[in-house]
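Quick one: structure below, then a few questions.
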Amino acid sequence: MKRFKKYVEGRNDLFIPFIMSGDPNEQATIELAVELQDRGANVIELGIPYSDPLADGPVIQEAASRSLKNNTTLESSIKSVKKMREKGLKIPVIIFTYYNLLLQLGEDYFFALARENEVDGILVPDLPYEEGEHLRALCEKEGLALISLVAPTTSEERLQQIAGNASGFLYCVSSLGVTGVRSEFHASVFAFLEKVKKYSSAPVAVGFGVSKAEQVEALKESCDGVIVGSALIKRVASHEADLQDPKTREKAIKQIGDFAAALTAPYRTEKLST
Amino acid sequence: MKRFKKYVEGRNDLFIPFIMSGDPNEQATIELAVELQDRGANVIELGIPYSDPLADGPVIQEAASRSLKNNTTLESSIKSVKKMREKGLKIPVIIFTYYNLLLQLGEDYFFALARENEVDGILVPDLPYEEGEHLRALCEKEGLALISLVAPTTSEERLQQIAGNASGFLYCVSSLGVTGVRSEFHASVFAFLEKVKKYSSAPVAVGFGVSKAEQVEALKESCDGVIVGSALIKRVASHEADLQDPKTREKAIKQIGDFAAALTAPYRTEKLST
Amino acid sequence: MATQVPDRRGRFGRYGGKFVPETVMHALEELEAALNKFMADEAFLHDFQEELREFSGRPTPLTFAKKMTERLNGAKIYLKREDLNHTGAHKLNNAIGQALLAKRMGKEKIVAETGAGQHGVAAATVAARYGLECKVFMGEEDIERQALNVFRMKLLGAEVVPVKSGSKTLKDATNEAIRYWVSNVEDTFYLIGSVVGPHPYPKMVRDFQRVIGDEAREQFFNRENKMPDCIVACVGGGSNAIGTFYPFLDDESACVGVEAAGKGIDTPQHAATLTKGSLGVIHGSLTYLLQDEAGQIQEPYSISAGLDYPGIGPEHSYLKDSKRVEYVSITDDEALDALTLLSQEEGIIPAIESAHALAEAFKRAKEMNKHETILVCLSGRGDKDVHTLMKTMGGEAH
Amino acid sequence: MATQVPDRRGRFGRYGGKFVPETVMHALEELEAALNKFMADEAFLHDFQEELREFSGRPTPLTFAKKMTERLNGAKIYLKREDLNHTGAHKLNNAIGQALLAKRMGKEKIVAETGAGQHGVAAATVAARYGLECKVFMGEEDIERQALNVFRMKLLGAEVVPVKSGSKTLKDATNEAIRYWVSNVEDTFYLIGSVVGPHPYPKMVRDFQRVIGDEAREQFFNRENKMPDCIVACVGGGSNAIGTFYPFLDDESACVGVEAAGKGIDTPQHAATLTKGSLGVIHGSLTYLLQDEAGQIQEPYSISAGLDYPGIGPEHSYLKDSKRVEYVSITDDEALDALTLLSQEEGIIPAIESAHALAEAFKRAKEMNKHETILVCLSGRGDKDVHTLMKTMGGEAH
């Protein structure tokens, strides 16, 4: 949890990019993680490709398909975190994995790998709070953050419980549905965030649909950060050929970095102006 | 009934050919009837083509199809009998028609036509004895023979009734099934014929399958005559082209006549030898 | 009284009778004797009832079509669900009865005719169930159009014999089945699929199908405490209609038989025998039929293979004359609309045959009061027709 | 006692649970509350029973397979005839239950997944009957293979949504249905087709399908005055099997679930989840499933589209562990043989799914005594499979 202390705690301008491990290849993912840190990311959410990603929209599903062609696994992905560290990545990395992959790897082995490869947390989108008891205990013991999610439909009672036990940051789902770009948020999201912040023991970040600087601007007073997935991955997809070619990769990564920087500009404007 | 008296009654060597009216055209049928008389026929059974001839086998069905293409009707067929008479036909002609054709023509009109065109009798294959009461009365009044059928399955009681009321001749079905060539008769046919002859008030002729001189030879002691349909019609079918062409028709008709003569040779041998 | 027909000669008034070759007469006498014996035999009737119940799944329910009724805003519509019989239509009731009778008569083989294949499948089914050999005659054209049903029959162990004569459709298949029967009467039972053919077939098939009306009458009374104001059924040969109407004939209920008007009764393409036909003899029975002036039988047309028959059961001719039943006709298009409507309002895809009855019932319901009721015989399910529908509706249901 | 599962967390022993995104949790809580309320509500239960009876045609009969029994010369074989349900399989029992519940919950739309289209047709059917909007997700590959069922669904008024993700088959259609549901939980009810998915689905579907076993138990006892020695059912997701077994679990009867061995369980082409799978999470439930070493879910294979599912209902995993039910597998070829045999001996063409159960029952019957009995759940009719059979058997039934 020490990286969370240093890079996350107490901040209200968190930029948490989600990237798909091995999309379109391991090297690109490693370099992209470092680039995103350079462009202001506070946490890297590293997605593990899965055959049946039922919480995800088409953009992330396709990224997973591309990655699975490279035989990316949960294990190979955790090991690539070490390589990111070697390239200078300092911010926390959380592993985003469907529960079945974790089950097959084995929880004990997961924690051993996480320790060895300097992983900071884990997010299991299909493991709701009630089913997470065992994993939560292990995470606590190992000093890893278990990132929880809350949604606009989460009942007051559960919200209180989940938010009250949040570690690392609390992932706030902006609206119903799956991951993917949304052009606008419903006004009710602000009331929801207010409630969440009241209960949360950790910074509150908003995900699902964040894709434009205007959205970041609109959200910045109401939460502590944004999670950006599909919007980034769309750029990865459109640069796929360049990312595959070692000669053009660096330039493509910079361009994705430019997009990330532009998207989160509202945070830096504030930093400058204060 | 006067033609029956003259050409049929008291004989035991009856040759009763069945030909299909209008197959392949009216003129051929007329000439064939006369030819058959010249070759020893005692009665002409003139078949009327019908769309649904359910007592008939494929040979006669196809003859009906050929004839229907010429728009042959019951009425046109009866009228052609007059033309046969004009060509010298002296022997009785019986009209073989399914009941529906008779119904549509109208019974009264039928008898008027029959009188005018010198028809001697009628056979309705789908009008069993029980349903024939009305028609039988009309025939009696008009002096037409209503030809009845009996089959090996006909019960003793019905046989007695039908045979006892036979007029013209009694049509004995050789075996179960539909019209068509049979290579052999079952031995039981002889016992059956014996029984029929005992009850019959008219000459007994055997039909369904008679196609070879050997069969005529075998049957001649047991009944008073044979009815020959499919075997003849097969020859008509095989000479169809020649029968259509006025230039070759006569020769074709002679050839069919040759077949008829050969088939019924056993009767003439007897005639010669007695 | 309507229920006293046929007479001993097999006549429903002037209609019916036995217009068959002498070679068939013995078989008909034998069948009549067997019927007289077994229809009064408790053990036979028990077997028949048991098989209807335990093999075919009877009683079939009476379903109230609530949404359809609301939509039409008139008479309440009830459906007698013959589509829920094993093999998907009322046809099996009769096939079970005849097959059990054939067994009792010591026959080892059955022969049947079929058009679309529904009766052929029913015949093949009972042949398998009761251990009889089965030959089904089917027109070559129909064999091509109904490949799935042909396969079902074969799978059930039946031999499907292609008929190449005449127009190669149902009426020729019937001729051919009769011809085969004539040649094999000793060991073969002819299993007719509707209330047609020579006596005693129309009576026998009616008596096996009246279970539809007997059940419906009781079920309806239990629901509504009265008899239906109107009863509607489609009419091909007429077996589901007679089966439905018969037990109600002494009641007040209006009965309506619905023929197929095909592309319209003013075109040559229809199968509206009672509406447009004339008196004649077909397949052994004196009745109305479609024929030309000279008496040649005409090919009927309907989108529904089961209504595509040029004749009609003689009892219907009788009921038409006596005015106890009214006969109307419904076009292909009207039937398709009714089929779509019932599918979307009630979740029941009816056979196209049955959709003719529905179309007429819907028309009438709109003109009736809300306290009035209509009972429709849903003679079969539409699964068999999905191919035809896909072709007709262009692959897109709406 | 077997009947005490699942616990309050939705666990059957260790299996089951709710492994779903947080966005779904609220909908599951809502469903659970509704279930608790309505499954104890006389009026709801009455409606459910009435619709089973009057719309679907229940009770389905218990048919004694006399000729089949004689042929095998062993245990007596009884068939529970779920093929006689409206739309042709047990699937409708559950669809009726869920749709009535959706109405009670005030939902206006249902969403469902389908593989071969059987559950899709059942869902479209109840949507039409009860006036719900209906979306059915179906893999693009399956849409092509099952054009007839696609047409049926559309005819019933449902929207069929092609799924292009993943392997474009059932599991992806399920993912997509869940995704759609997540986005529309307020007005949409997710109508699952088997005893799979997150709690409370496995329990709810079982409770709607237990009517199979409840009826069979009474019918069997009335016939034989004892319980069956053995009960056999096929297992895809496992709903017909649980529905059949459940009421017998406290009896002595042996229960056998039959999975699809496809081309053989030693090949990669099978769907034998319990025989060859391992523990994992699929579609919200902890259970056995077919997966590779890393945990990616594998495409199963079976000639029967309805058994072609990589997971299995969690209660079956539990019953396997507890040894109360034995699980075996049957290959494509064995199932086809059983299908042909039943067709020819009893006049019933079973669904290929059900033929798996039959194949196992026939094997066992031969080894049993004549006073012993086997009850087989005939989960559906084979009409839907005739196309597949024609292709496989080469157009010629034997």
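We just call them A, B, C and D in the order they show up, numbering each chain from 1.
Basically, a residue touches a chain if its C-beta (ideal position, glycine included) is under 8 Å from a C-beta of that chain, and two chains touch if they have at least 3 such contacts.
All values reported here derive from a predicted model rather than from experimental measurement.
Along the graph of touching chains, what's the shortest path length in steps from chain B to chain D?
Shortest path length, in steps: 2.
In contact with chain B and with chain C at once: which chains are those? Just list them.
Of all the chains present, none is in contact with both chain B and chain C.
Which chain's centre, taken as the mean of its Cα atoms, is farthest from the centre of chain C?
When every chain centre is compared against chain C, the largest gap points to A.
Roughly how far is chain A from chain C, centre to centre by C-alpha average, rounded to an integer in Å?
Using C-alpha averages as centres, the distance is 67 Å.
Which integer distance in Å separates the CA centroid of chain A from that of chain B?
98
Using the average of all C-alpha atoms in each chain as its centre, how far is it in Å between chain A and chain D?
One centre to the other, that is 38 Å.
Take the average of all CA coordinates in chain C, do the same for chain D, and state the distance between these two points in whole angstrom.
Comparing mean C-alpha positions, chain D is 34 Å from chain C.
Going by the contact rule already set, what residues in chain A reach two or more other chains?
Residue numbers touching two or more other chains: none in chain A.
What topology does the chain contact graph adopt: line, ring, star, complete, or other?
Its topology is that of a line.
Can you list every touching chain pair?
Listed by label, chains in contact pair as A-D, B-C, C-D.
Can you list the chain D residues touching chain C in their complex?
Residues 53-55, 57, 60-64, 67, 81, 83-84, 86, 88, 124-129, 131, 147-148, 151-152, 154-157, 340, 343-349, 383, 386-387, 389-390, 395-398 of chain D touch chain C in their complex.
Taking the complex as given, what residues does chain A use to touch chain D?
50-58, 61, 65, 68, 73-75, 98-105, 125-131, 148-151, 153-155, 158, 173, 176-178
Tell me, which parts of chain C touch chain B in their complex?
Touch list, chain C to chain B: 9, 17-23, 25-27, 29, 165-166, 171-172, 175, 178-179, 182-186, 278-284, 289, 291, 293-297.
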